[in-house]
């Protein structure tokens, strides 16, 4: 593992209207790593992703991308750095066609020149999207929407992709497929931040992991270590 | 004796998604029942169907023998079903006490009566000392208990609690479980949506498991954790071993 | 500062009555040989929806005050107040002016603000000369301080139709049928109502075919004009403001309807500059009856010239004219009263018998209700981008042209 | 003992409020007629503004067509008084009843069909404009020519609600006092709690048994009836009614500026806001006139409005309360009046 | 009789398209930024004055003036959004309402100071000309406005549909949060959209200057007109603006023909109420998110 982290989050604090979602959280992601962050509802996982993406403005703390503090940068500048996300709830442009969604994902300066090639790549990855390229995104099934959200993120040629609960609302088989895609992207040397409630699956594919509870990091370690951790098993299954 | 709550083949569809798929179960008069399942399993939707926030697409829901499916939320509340929301929704510019009074106004119009009932409800969940405080001063566990107190002040026979313990630390959660026990001893029936199995194991007498909108298992907590499908649905394939 | 002291004391008298004696002893002391300085308050809708006539009135007042100073030697100060075209502000404006020491008020163009202002005038016993406001109620609701130069709508219409009758009976090929296109606002509806009565009463030899009322906020009058054309009428009687007068003529041109006569009793359009700016040669021949300055009056030429040199881009229209005349009425009363005390100006106003200075009118006299009995209308016809007086005969600049030249032949 | 104190507004608040009104009442005896008429209009707009403020500030329903209710009240008083010689008190009662019914019908139709938020606001404009046009063409109520009250003569008559400027000053001051008390009392009553809950979160309050459909209708209807009283008084004060002015967009806009600038849903906000904005408008107008630039008032007033919503998003009164609270222990101000609409 | 009906129909359609173009700007801004621009009417009047100046002072044809007015108001709208409106996008409706009333007052006041209260008719031969199609006469000014309206709507639709920035605008209208997440420059999109909305208002104003005389206090009338049109058609929808305009245009025309013309606007407000109640999103309105 290279020594220099790609992204470092340092004592990040995020709050909304008096309540704290993240309380002095510190994590780091190394290049080409697949990092899992697990935690229950309300643990602050989404807040973490959104503040890295610049959509939520942190109250305190630093977010360093290759050593530069990007906390407080507007989201479009952060995307331009190569940070993309597959958001919770997908946040697609429902009235726009599949292809338009992809085009928008690929319209950042960093990737615009190679946009048409990238679209073909996405279609190669998800043939279902090619079949439905002119259909409005809102009419797709849940799994297809998730594919589109991933495809849209890939279009930006990101160095880091953040997944926010990609398995939510998907059937077990689709969930497995989703994790396969994550693994595949990882294999292509994309750095990945995977935030999940699905503890077992996400920790088992992650190089390292953090356990988030009520806005705090309570555990960290390699995926395998966490997976066998008594604390994790007790907390998540009462075993 | 008729059951307190009876769901019979209840389904709810959102566009292409079948969020609740032909779910049936019964609740007896008292005690704590837990509704568990992974995220997106349809637990909250199920709550919304019972509480009238949404009408079911199919099936019927009976409360005390009477059909209530399709009734508006306020009428169902007035019939004796109190509910909390997963995301706490306090009225921001009211004090804690005033927030709880709203629930009491479902059965009285006298401000003083509502105030007394609200105090009682707050005492019951241990928020009595903070009655006059503003909402912004409450901690997360306090807020969860405020939600419970609000629901309690409507004087329900059945209490629907949606993840009241999510995000709480173990000692805090234990305190909440104690409160729930106390309420159940008073004859209240509680239906609990919960994520953390540890808590379910401690608190509930009966567990219903939902997965992808459908009921996959039902029984005592002991029975449930040993149920292979539950383990698979919950923790993923890796835990099956 | 006697000019301030007099009215101040006077107002107290009006309000409390107990200090009456003081005022009585004061009064002779205030009286001097020359007319005393007088403060005139002008209440106009200078902003808001009525700003167009309102600002025109302001010009008439200012010029009128200058003229009155020279003609009567009255030391007259004018204070303006704006109602923002809202009726409830009439009273506030009036009270503000009274507070600033105005001895007499002029205003307020629209009947709502006028009534509201009259209440303040009534309470303070300050006379108010209403230069324009056409609702009957201005003089019929029992106000004692009102003096209205402007005739009520019914009078204007009656006189207008009399003039129209004179015209159609004197021409060779009189129109056979008339259609009435009128605004459905205050002015338009009251005019149309009086029109119906007066038409029968005067037994006009033209048949009234149809009334077509239209909305004040109408943005398009094509259907209305199409309907008018379809009625088969060959005379168009319209009651309009400027904008709709222009719209109607444009529609007539577009729909190739050439009535022989276009006549607007108490209507805007023909008297207004915008009408000619918008229509150019197509404006010619349209007629209207309005209160207007008497082109053959002694001072008319000088006043019009002075107006033109002061306000190069504006016309001396009925609004400024009536406002001008109202100032002269006040000046005349002040001179006769030899006092700036409101009650004495009021008494003098009651006794007014003034030969109009600028406007065409009979001798200006106010009846018991405060209504000017001499008011009279003129008939104007558009010709070469100007309105010209063509009736009554005594003051006509030329004889009315009839029939209208068809639009496409211009 | 403890309970009773809770149920009523703080004694300090009541005393402070009464003292403020005593001062205003005394001013009524000494101020010059100009300020009297200006303040009369300020009070009337405050009173109507309070009704609007209750509807949005407590009930959460935005109306931009409140002129509808104002007009209904004004016409009820005018028609019954002028055509039938009945005391304006009858007109006020009839106006209230009519406005309440119309408000309830409008609200019922809207909420029945799930018209809400900005669409409801637009519907109120449409309803107001619709009735303005209908009244313009309705001969019985004077059409566009309006209705005029006879000139006031003789002594003030409370029964006929006719009197001089000072009389109306006190009548409208009393109305404002009524409005302040009503706002404060409603806030402390069952309705106030329920309405605020419904405003903040409709679904959550339904889950607590609040019949939001009914209460939304109630608050619109109540606010309408209240505005109708204001309209009736306004008609009497200005001495005439015309559909264009009393039911026009102008009134709808004028009445909501005060409460928003002053502080929405508070007991004193509408009064403070109107006391500042209306005279400011007149001042701007006077300055514009002085320099011979009519229109300057519009520019100045417009800029002042932009500045107000920009700099004081919750209104002036809450800002005063906050700063007062930070200096002294004026908690009663807060309990009684603090209110903010957050969306 | 048939001629009369034909003329009324033609006039209703043309006027409807004109209404459509007046309302276009309002609908674009609402569709994307979700705010109702109550200063819309003042912007239309701004355009009317540009049309007046162009025609009466410099003798510039209306179409050219419309382009100029559009450009001018685009800059104005872009600046206004960036400096002021931006801060109010997430504020409650009533605060936005006061803001736009303020802006509208400033504009009307400035127009009053600059041009005085007199109606300013644009001097254009278009005001008087018609072309005859069989027995039906088509008003040239209206025909021009309607044609330009149709072209403008097509052009805008094309821009939104096929250009990258147009796609951005649609995406931002569809899902603001999603837009932020994929890195759309939301402030620029909003400012541009507001600029386009203002430009449509201004361009429409100049285009209809041969039909309406400019006066500062027409703002409220135009705002209300645009509302009626847009709501009937569906707030936020393009086609809606056109359909709404046609509906109102035809309703008014036939109301004038068959009932009392003075009740024209009562009818359109009545129609508006019915549409609002029965179908609050209008014929083509986007779903509330």
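So that you can tell them apart, the chains are marked A, B, C, D and E in the order they are listed, and the count of residues begins at 1 in each.
The rule we apply is simple: a residue touches a chain if its C-beta (ideal position, glycine included) is under 8 Å from a C-beta of that chain, and two chains touch if they have at least 3 such contacts.
For reference, the UniProt names are A = Branched-chain amino acid transport system ATP-binding protein; B = Amino acid/amide ABC transporter ATP-binding protein 1 (HAAT family); D = Amino acid/amide ABC transporter membrane protein 2 (HAAT family); E = Amino acid/amide ABC transporter membrane protein 1 (HAAT family).
Just so it is clear, the model here is predicted, and its values are computed rather than measured.
Asker: Supply the minimal count of touching-chain steps required to go from subunit A to subunit B.
Answerer: Graph distance in the chain contact network comes out at 1.
Asker: Greatest Cα-centroid separation from subunit A: which chain?
Answerer: Of all chains, C has its centre farthest from that of subunit A.
Asker: Just the number, please: Cα centre separation of subunit C and subunit E in whole Å.
Answerer: Centres of subunit C and subunit E (C-alpha means) sit 37 Å apart.
Asker: For subunit B and subunit E, what's the span in angstrom between their mean Cα positions?
Answerer: Centre separation, subunit B to subunit E: 51 Å.
Asker: Rounded to the nearest whole Å, what is the centre-to-centre distance of subunit A and subunit C, using the mean of the C-alpha atoms as each centre?
Answerer: The computed centroid separation for subunit A versus subunit C comes out at 76 Å.
Asker: Let me have the rounded angstrom distance from the C-alpha centre of subunit D over to the C-alpha centre of subunit E, please.
Answerer: 32
Asker: Which subunit C residues touch at least two other chains?
Answerer: Residues 47, 51, 54-55, 184, 215 of subunit C touch two or more partner chains.
Asker: For subunit E, what residues touch not just one other chain but two or more?
Answerer: 109, 112, 117, 216, 260, 262-263, 265
Asker: Which subunit A residues reach two or more other chains?
Answerer: Within subunit A, no residue contacts more than one other chain.
Asker: Check the chains against each other and report every pair that touches.
Answerer: A-B, A-E, B-D, C-D, C-E, D-E
Asker: Which bits of subunit A are touching subunit E when the two form their complex?
Answerer: Those residues of subunit A that touch subunit E are 53-55, 75-76, 78-80, 84-85, 87, 90-96, 100-101, 103-105, 107-108, 152-153, 156.
Asker: Enumerate the contact residues on subunit C facing subunit D in the complex.
Answerer: Against subunit D, the touching part of subunit C is residues 46-47, 51, 54-55, 80-82, 84, 86-92, 94-96, 98-99, 111-112, 115-116, 118-120, 122-124, 135, 137, 141-144, 184-186, 188-190, 215-216.
Asker: Given the complex with subunit E, which residues does subunit C contribute to the contact?
Answerer: Its residues touching subunit E are 47-49, 51-52, 54-55, 184, 212-215, 217-220, 222-224, 226-227, 230, 242-243, 246, 250, 253-256, 273-274, 277-280, 282, 407.
Asker: Across the complex, what residues on subunit A touch subunit B?
Answerer: 17-19, 40-43, 141-142, 165, 168-172, 176, 197-201, 204, 213-215, 227, 234-239
Asker: Tell me, which parts of subunit B touch subunit D in their complex?
Answerer: Result: residues 51, 53, 72-74, 77-78, 82-83, 85, 89, 91-94, 98, 101-103, 105-107, 109-112, 114-116, 150-151, 153-154 of subunit B touch subunit D.
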